[in-house]
Amino acid sequence: MRGLLVGRFQPFHAGHLAVVRKVRADRPEELLLLGIGSAQASYTLDNPFTAGERFEMIERALAEAGVDGCRAVPLPDIDRHAMWVAYVESQLPTFRHVYTNNPLTRLLFERAGYAVESPPLIDRARYEGTRLRAAMAEGDGWRDGVPPSVREYLLEIQAPARMRLLVPHGGRVPSGAR
Amino acid sequence: MRGLLVGRFQPFHAGHLAVVRKVRADRPEELLLLGIGSAQASYTLDNPFTAGERFEMIERALAEAGVDGCRAVPLPDIDRHAMWVAYVESQLPTFRHVYTNNPLTRLLFERAGYAVESPPLIDRARYEGTRLRAAMAEGDGWRDGVPPSVREYLLEIQAPARMRLLVPHGGRVPSGAR
Amino acid sequence: MRGLLVGRFQPFHAGHLAVVRKVRADRPEELLLLGIGSAQASYTLDNPFTAGERFEMIERALAEAGVDGCRAVPLPDIDRHAMWVAYVESQLPTFRHVYTNNPLTRLLFERAGYAVESPPLIDRARYEGTRLRAAMAEGDGWRDGVPPSVREYLLEIQAPARMRLLVPHGGRVPSGAR
Amino acid sequence: MRGLLVGRFQPFHAGHLAVVRKVRADRPEELLLLGIGSAQASYTLDNPFTAGERFEMIERALAEAGVDGCRAVPLPDIDRHAMWVAYVESQLPTFRHVYTNNPLTRLLFERAGYAVESPPLIDRARYEGTRLRAAMAEGDGWRDGVPPSVREYLLEIQAPARMRLLVPHGGRVPSGAR
Amino acid sequence: MRGLLVGRFQPFHAGHLAVVRKVRADRPEELLLLGIGSAQASYTLDNPFTAGERFEMIERALAEAGVDGCRAVPLPDIDRHAMWVAYVESQLPTFRHVYTNNPLTRLLFERAGYAVESPPLIDRARYEGTRLRAAMAEGDGWRDGVPPSVREYLLEIQAPARMRLLVPHGGRVPSGAR
Amino acid sequence: MRGLLVGRFQPFHAGHLAVVRKVRADRPEELLLLGIGSAQASYTLDNPFTAGERFEMIERALAEAGVDGCRAVPLPDIDRHAMWVAYVESQLPTFRHVYTNNPLTRLLFERAGYAVESPPLIDRARYEGTRLRAAMAEGDGWRDGVPPSVREYLLEIQAPARMRLLVPHGGRVPSGAR
């Protein structure tokens, strides 16, 4: 059987890694699907990285941490919440458990009859996507929030420079790029 | 001949019912189409209910009030305002009158040559979707704002719990659900 | 409770009317939803009429036949079959019975747990959309296949001329129109 | 005032050029908009060239022929014929005349109140897109059907090799590319 | 060879005209493509005018100013930034230079290998779309910010009345119109 | 580094497995991405299985065959071939080699600068999707064409019954289901 953990992973940070480790340790017999939400989005304040870049971060971080049994899967938005569970089911192999701390994700999957669990969040103030993205535009405050291999990758793709471009525009898509 | 009244009906409240009654009373010979706008949306702060749930509210409220001669029709957004009237015309049987208090809806239909009327709004402060949705997340202040059958239905589908999930996130779509 | 009958109704013909009559007679307490499939399509060989025109045919034919308790609802395609039932559920008030002679529609609704019934088709050779559309381009052979009010409406909107334009192009969308 | 001529221009051939010349000669005071239909399509049997490539062919052919007063404009399909005129109007500056030999394009624009003219087609058997595309996959039979500058451009982008890839697959999108 | 300047041109103002003049003067041998971004949008606070209306403003302003060698092209959004350059390339004839003052547009084109230049902005405080749109709703403060022919056109299409409808709603799409 | 093999895998058959084995054996150090093309499609003659079902077949067949180092990834169509490589790049971690026997996929990736290889096809007449799908509707002729675990899974989801529904309709989407 399989489990499903959905996130946007912008970026894949230490909090994500801790949750994945915990779920894998609790249910080692279960393959863990990592759904990359909003996979169509990139180069915006909330979604700076492409699904491919986020996939790359996940692969690197899990290899570095020696965590196996995971499968990253990009999930582009469909923008129709009432159909979201049916959509996820159509794109993934069958799964039984859903892991999430998001109340709406919990509601939608529970209505569809899934067992939903909320893994305890570790040091949430520190490992939080919004904070890390803002910090990336400002200085080095993000570096301890992500696994070493993700830090290296983010520097490789010049993520801080990208975030600096996006932040001053308040996350608004620039006139020429949309 | 027919008339058209467009709204999002999130939820279908007492103000909507009063307008429908008035229009039906003024033009009893005219079938009234009730276009359910943003029909693709649900489970967001501004659009908590599916088009199907809104359709259900309308059916129940009109049956309860003994109002006939109405037809609810879901209208998913097309996100191209300049084509909106042509879109509505392609989905509905012909209609002559348009009833709206929304200035842009008025502008778009008038440009296309329709007779547009603005039914007087009854006690708008009390019957206003934004206020009712916020109240639903907080307590019982919404209960008098909707017809009895809609109140019962909203409790049946646990609408207050849904709104409580949506409000704290500021209406933002949660990471896992889009 | 409600029932659902889905079709493209291109056009709404005598066979459709017979099925609607039968379903209404068998379950008079049940409101019957008439889902207008492929509602986004029009001016093609397979879908010559807009959803609005089909809505109009249904309204006129049912009024003429004295059949009440029906609600026509346009359903634009979503082009993802695996999500189709979830889509229909999100757009319509709850329904219990599904009426269809289409084996795939039957399969999809049965997988989702619905009771599906196949109303006996009356004189199918004569009342068949494909045949009627072809006949409309060629002469008068279609006239007996539709209720009188639909015949009158089709002449009013110059349906035979429209079909003649569409047939020679083999149903292909013309270069300039797509 | 302006005129509008819509085509897919796959490729822009000598017949197109002759029509453009004629329209420009008849109404020299009128700017002629050349709508490039199905602008989203490319690398299929019916639409081998991107909108950009077709735009390039038009620019080169008109410069070579000394025809001015034209403006090429890509028009991606919207796949809703009933809204097609409203769509075109929303994308282009106002125009008065429409030039087309396509009966459906004529019908849609006439219903919207436009003056539609059908420029006489010159040697249609020879200058016909379908024939030219097939010929391009087979040998040199297409070379005389296009203006010299278009011929040169098509060779430059290796159009015959592209057509050979597309034709054997019967125009079907290959498994890997869609 | 060609150059590309992308903007939303809501409206086409004196600052835009100054940049176009400068680019044309610097590289008179280069055709300048003017990409009209967000071409699908209209009747919103940020995008009040249709692509067609913006096209019309550009044509009139350039004719009035005696600037030739430009080609306006509507570019509907694709909402996938990572694919944006590939999208623009598929819709336009080949171009070499890109002119933009938007840092994200610059980043995306530079990553794809283009030479990007930032034309000096003239009197930016005065010629700025957001300010002009707000001013249009309030009084006459916008009139000096646009070329005379654009001013006349905006009055012709009753742009101030349109802006007044849009501003009080805070740019939110009205319930009935989406 | 990684490689990419794209297919629709309708179903994942013995020929696919042989190719995957070969690629993995030739480049054991390279992770192999298996792009599931047309991931949005299902319940049609050409695409009977959902992306999730195809994902499941791949997982089971590779586990059974003891092949590791692969990652299945659903890729919904974007229907714009000229942007297809940019799309794939935005969804996947970086890859260097592309494996395909499809000439158009080869062309598109080569134009973008990728090294493309065509793995020798083993016994193509026998292992061919179109033939297997047709055989599944007719009898047992498909059973030897797929790995044992895929055979078992296809029987589990009643694939032959599904194919029998789809084939008589010639692959056309039924009226009620689109």
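Per-chain residue numbering starts at 1, and chain names A, B, C, D, E and F are given in the order in which the chains are listed.
Definition applied: a residue touches a chain if its C-beta (ideal position, glycine included) is under 8 Å from a C-beta of that chain, and two chains touch if they have at least 3 such contacts.
All values derive from a computational prediction rather than experimental measurement.
Considering the contact criterion stated above, the chains in touch with chain D and with chain E alike are B, F.
Taking each chain's centre as the mean of its C-alpha atoms, chain E lies 44 Å from chain F. Between chain B and chain C the centroid-to-centroid distance comes to 27 Å (mean Cα coordinates, whole Å). Taking each chain's centre as the mean of its C-alpha atoms, chain B lies 35 Å from chain E. Residue positions of chain C with contacts to 2 or more other chains are 42, 50, 80, 82, 89-90. Of all possible chain pairings, those that touch are A-B, A-C, A-E, A-F, B-C, B-D, B-E, C-D, C-F, D-E, D-F, E-F.
Considering their complex, residues 80, 82-83, 85-87, 89-90 of chain C touch chain A. On the chain E side of its complex with chain B, the touching residues are 40-44, 50, 162, 165-166, 169, 173-178. Note for the complex: chain B touches chain C at residues 31, 39, 42, 50-53, 55-56, 59, 71-74, 76, 89-94. Interface of chain F with chain D (complex): residues 6-8, 35, 37-38, 77-82, 84, 100, 102-105, 107-108, 129.
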